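Here it is: the structure, laid out below.
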């Protein structure tokens, strides 16, 4: 089985930590599932730390440093600040897998809005008070299905 | 409770059927939940038909015409063709609720890709052999949470 | 003193209610300050209702209908749904007054982020659990100063 | 508590001074609040100097050099010119925190304009004769609120 | 079986002939396959005439007028000029089916170029001295496959 | 005859493997036809591997390493991950050969959609369960014609 | 001599007053020079009122109504609000005359900035506390030269 | 007083000569006014040479080399070709000072066109047979005003 | 032979005169060659008048009115002002014929610049003091060739 | 007289050969006219080879290597592949000289199309089976005129 890797020449704007983490992951031949289990976080959140899209706690950093055999002070320094999110995917996404997710928003965006507004009132589903997960299902015919769950707090617009 | 409506001056590129359907929905004061139940489809799919983003079967059309008291031949004519999808949301979305979904793709896009690739191999989650649903959860503190599930068939890239 | 008006040929994508409300406002020669006082909301929120960017409660609608002498059922019908926000300002804004606000975000965006992150941790200031107001100050030299206050709930990124 | 840092691979177009200042800030483990207090300026203005978006006076530079233990001639040379503003945030912003500010302009832009025009007449709020500040409030329920104040001189359009 | 139709509110920039032709096609309940057979042209070329992307000869026009029961002088007048091609698809295409074709160009563009250059030398495959067709195949498992063939004259770059 | 080469200064975002592969190809003076034959894949797929747009199996990598005399561990490391597709062609394409393909989508997109929908129903031709090939024909007058075949599985939209 | 006119089909987003004013101007066969003289304002400011880019005072409106024989209440109603500036020129400008002005900014922008900063310090030339005029010069060889003068108040960036 | 400097990390696309010239200017602590006086050209033109937007004559180059103590052959080589104009300002400009100039074009573009057309006929003001200057005025209240003059030859459209 | 026509639904931003002229041209069944001969101007210039891209003199207008049997006062009114050029082609052009011209600029732009600079010095070829023509050649093999000539006055950059 | 040179920091995406060729041209002080004469090709084509927009034959390469004293194997290696055209001019062009050509297409595009269609029928002028040249004319008043000729094969759209 192949593992996700990072070719920095394709991602010049990711943080320095991304190169450090992905290189160690490749050397240790670990999957995100294994790393996530080790640090006690969800796989998607773990991968998001690798892409500079989520913040690791001090414990996460210590745990990653130990698992990936990266000198802890180096990882701490590289992960110490606050993620500068949004620099990994160029929109509209050209990557086919990511485009499909974008297309779902493009096609069903107003349908989601209509249904959510009728269920919850005027507001939004938070993308910050938010978690997500990926699951794999196999049906009776042996076909695989990917299931992505998005769970966000409902925030009503304030009245002022 | 308010219901989702359509102001055609804000959506000049939606199909004629959208105006017909939304106007009847407003007159009948029906929610998408009620309409979906009546035609036996998911709420999001039902709303997607209203926005011209999903195709109704002949039975769906008959059922909608009856529930919404729209002359069936008119609805048939307006819904007869194939949806010309993608004309409802202007990207990047300016609507705050839809933007949050877009932002999830922007921020977590590569994390999803990495996790999906490691779980399934080289391929994509289909947005066509695909279904989605919206659920409402209320936690112990009385906070509401929106849960959106995306379920798509895994398509491996063909070897050729 | 002049009052803010709406020329619909310059704003073809605003909701029907915008034309109704602005026309009545012009006829009644009322300022947003006067209207806001009448319905018990902030001026900016009141103007946002006029531009289709905020939702009026049933009481707001009744109150507006009465003040502006618009038949209440008409206003209810036009304001019944959920605002389809984001269709008033074309970005980047070409209007000089609005551009100055955009420029503040462009120039000070990362400075705000750095200061907010250090004060609150990893998260965002909500634009939904949010209120804003505009005030006028006159200094000793007789110069006028506009003061805009933005107040949003701090949302920390969820750990998952 | 974490401090704001700068990963230059994510900001290739910031001035050389940004790297110098942020690196020293990280080494000295100082917050913008502490630095601002030391040089007698507002936190946001201080961070703006770090991002190349505001000019430091000769006294500011001397004070920063001393606090951050940067050789003064080096800092003087790097900060001597006039800021080339606007190169830090790519618009529309992809960073979630900065996007929320952008969204406020997008959604409330015309409401601000209408209210300001009615209060002040035909003109703009200056973004140059301008100051801003960030404050933290905690409400009775323990929720934190960020308060951003924008204060700009009102400039009426000249009659000519 | 459903037939392709045209909702002009979704395609405001198509020529007048498009509305005329599609409306008649809907009334006569004819597929492009049937129309193409009648006028002796390929299905894709026939549909391209309907979308204003290909020119009909005088014989094609006479034949279409007769089959679709459109007064011939009207159709002649509407189809007399030269197609103003390129106004049907907005790029990048938002329609999922058309996007897949666009994605093929995006992903395989340089691979096609490399292979074509090695086979033919320095030049291009003409999109003008060009024909295309669509075929349907069904494999042993009952899956349907769409086969699109593009055939264009090879044009070497002139030496000058 | 000239061979396709890669000038990395023109393609800064291709993966490291692209430089490795193209350099070896140039040294060995091999065409994609020859390489494809050796590894038992189609020419276009082979070139797509070189451009980082398709994944090579472990056997492909071993075979390429041997043919091109690249140390196998190096090639394995560079090709181990999952292709980050979509980074080779900037859209709209400026390269004349690739633009012609783009133009075909732009001009015939809706014609293809109409014909495919009538032949197959509501759905798309997959670009993932997909293969393509390039052929050369020479007509009686000695003119060369390029024939590109696109073959994709038909995916009907799921009903939900 | 020809006079400047307005073809509203080319300027769908100008305010209603633009059509009213330009139509009356054409009927009365008046140049902007004549109109400007009548209302006591600069020609460019006068034309800017016609294009909805500047505000007329109550006296200007009365004077325009009288000169152009437009019923004063109609003109007052159409010009009563605050200009929604920025909707006349689409940027980058396609009109050759306007493009030349844009090109001057594009080519000399940083040269202006450098010279202005050295002369005035850190700040901007206001485009609000601003006036402009157009003059015609004829040199000894009979060549005509256009001279445009821009005069704006210098605003230093506030220290905060 | 501060002098204009160049931080090449903020201007990666300027010619090599820009770095050479600005570095020498910083070392010699010379203003554009002083340099312009020395070479006998206008300040704006002088700054434009530094930004690669204007061509220096052989005499200008010799004079600059001497004043700035740059080896003449180096400066000759770097300035020998023809300026590749337009690479300094990214449009729309994000720099506040340059944006104000852009905004003047955006807001007054059609007013300038109307007035110029009425004064000169159908044509344009040349940006090539063109000169410009910057002046400083101080009014009775001690306020500074920047005056920019644009002077271009009038070119009538040829009749053909 | 077919004649060029105008479908205004495809060109909503052309001036009113375009519809008037093209409709009369269609009725009179005249080619641009015939019309150009009648008014004594070049074919391209004549077509440019029809598309609102060139100005007709009073004599041209009278001559066109007479030839096309359009009431002269109507044509005078519609053609009286100054062309608002640049509104016919949307860039990048989607029309294949026009795209080819655009591609020539894209591919040979710098080559033209280099050759022109070496032949004429630092300057530009005017597009205003400019004429153009189209010719048809047929070679020995019966192939047709289009020859477009562009002739513009050379304008050297002013020294200032 | 100055010669055209290349500053690679302004053209980071040109092929390696461009730097090699332009540097040798500068050293040898040769104009494109001289080089073109030597290799027996047109000046524009010669410059296009330098910018990576045209392919040199093996004889051209040998001849260039000899004239410019570049080791032939190096030049062969750098020019061996197929040009990756379209990477020199960023569209819309910011360079004033190239913009004028772009503007000609923008303004006269539909006029060319109308005239060409009427002269040749439905088709395009090829930009591949194409040659171009630049000439200098001096009129009786001593004014210089640039004449650019575009000559392309007429390709009628295939009937299929």
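Read from first to last, the chains carry the letters A, B, C, D, E, F, G, H, I and J; within each, the first residue is number 1.
Everything that follows uses one rule, which is that a contact is a pair of C-beta atoms (placed from the backbone, for glycine too) under 8 Å apart; a residue touches a chain by one contact, two chains touch by 3 or more.
To keep track of the chains, here are their UniProt names: A, B, C, D, E, F, G, H, I, J = Cyanate hydratase.
Predicted, not measured: the structure shown is a model, and the values here were computed from it.
A.B. asks: Match interface C-D to one of D-H, G-H or B-E, accepting only the pair for which over half of the contact pairs are the same residue numbers.
C.D. replies: Selected from D-H, G-H or B-E as the counterpart of C-D: G-H.
A.B. asks: As a multiple of 5 degrees, what angle does the CA superposition of chain B onto its copy chain G give?
C.D. replies: Roughly 145 degrees of rotation.
A.B. asks: Between B-E and D-G, which chain pair is linked by the larger number of C-beta contacts?
C.D. replies: D-G
A.B. asks: Go ahead and note the Å separation of the Cα centroids belonging to chain B and chain I.
C.D. replies: Between these chains, centre-to-centre, one finds 47 Å.
A.B. asks: Roughly how far is chain H from chain J, going centre to centre by Cα mean, in whole Å?
C.D. replies: Taking the mean C-alpha position of each chain, the two centres sit 29 Å apart.
A.B. asks: Per the centroid of Cα atoms for each chain, what is the distance between chain H and chain I, given in Å?
C.D. replies: Once rounded, the distance between the two centres reads 34 Å.
A.B. asks: Any idea how many Å lie between the Cα centroids of chain C and chain H?
C.D. replies: Each chain's C-alpha centroid was found; their separation is 41 Å.
A.B. asks: Can you list the residues of chain G that touch 2 or more other chains?
C.D. replies: In chain G, residues 2-4, 12, 44-45, 54-55, 82, 85-86, 91-96, 99, 103, 106-107, 113-114, 117, 122-124, 126-128, 130, 132 touch at least two other chains, as defined above.
A.B. asks: Which chain pairs here would you call touching?
C.D. replies: In this structure, the chains touch in these pairs: A-B, A-C, A-D, A-E, A-F, B-C, B-D, B-E, B-F, C-D, C-G, C-H, D-G, D-H, E-F, E-I, E-J, F-I, F-J, G-H, G-I, G-J, H-I, H-J, I-J.
A.B. asks: For the complex, which residues does chain H have touching chain J?
C.D. replies: Listed in rising order, the residues are 12-17, 52, 55, 77-78, 80-82, 84-87, 91, 127-128.
A.B. asks: What residues on chain I touch chain H, complex-wise?
C.D. replies: 41-42, 44-45, 54-55, 57, 82-83, 113-114, 117, 122-124, 126, 128-133, 155-160
A.B. asks: Which residues of chain A touch chain F in the complex?
C.D. replies: 2-7, 9-12, 26, 93-96, 99
A.B. asks: Could you list, by residue number, the parts of chain H that touch chain C in their complex?
C.D. replies: 92, 94, 96, 99, 103, 106-107
A.B. asks: For chain E, which residues are in contact with chain F within the complex?
C.D. replies: Where chain E meets chain F, its residues are 1-4, 31-33, 43-45, 47-48, 50-51, 53-54, 85-86, 88-89, 91-93, 95-98, 100-127, 130, 132, 134, 136-137, 143-154.
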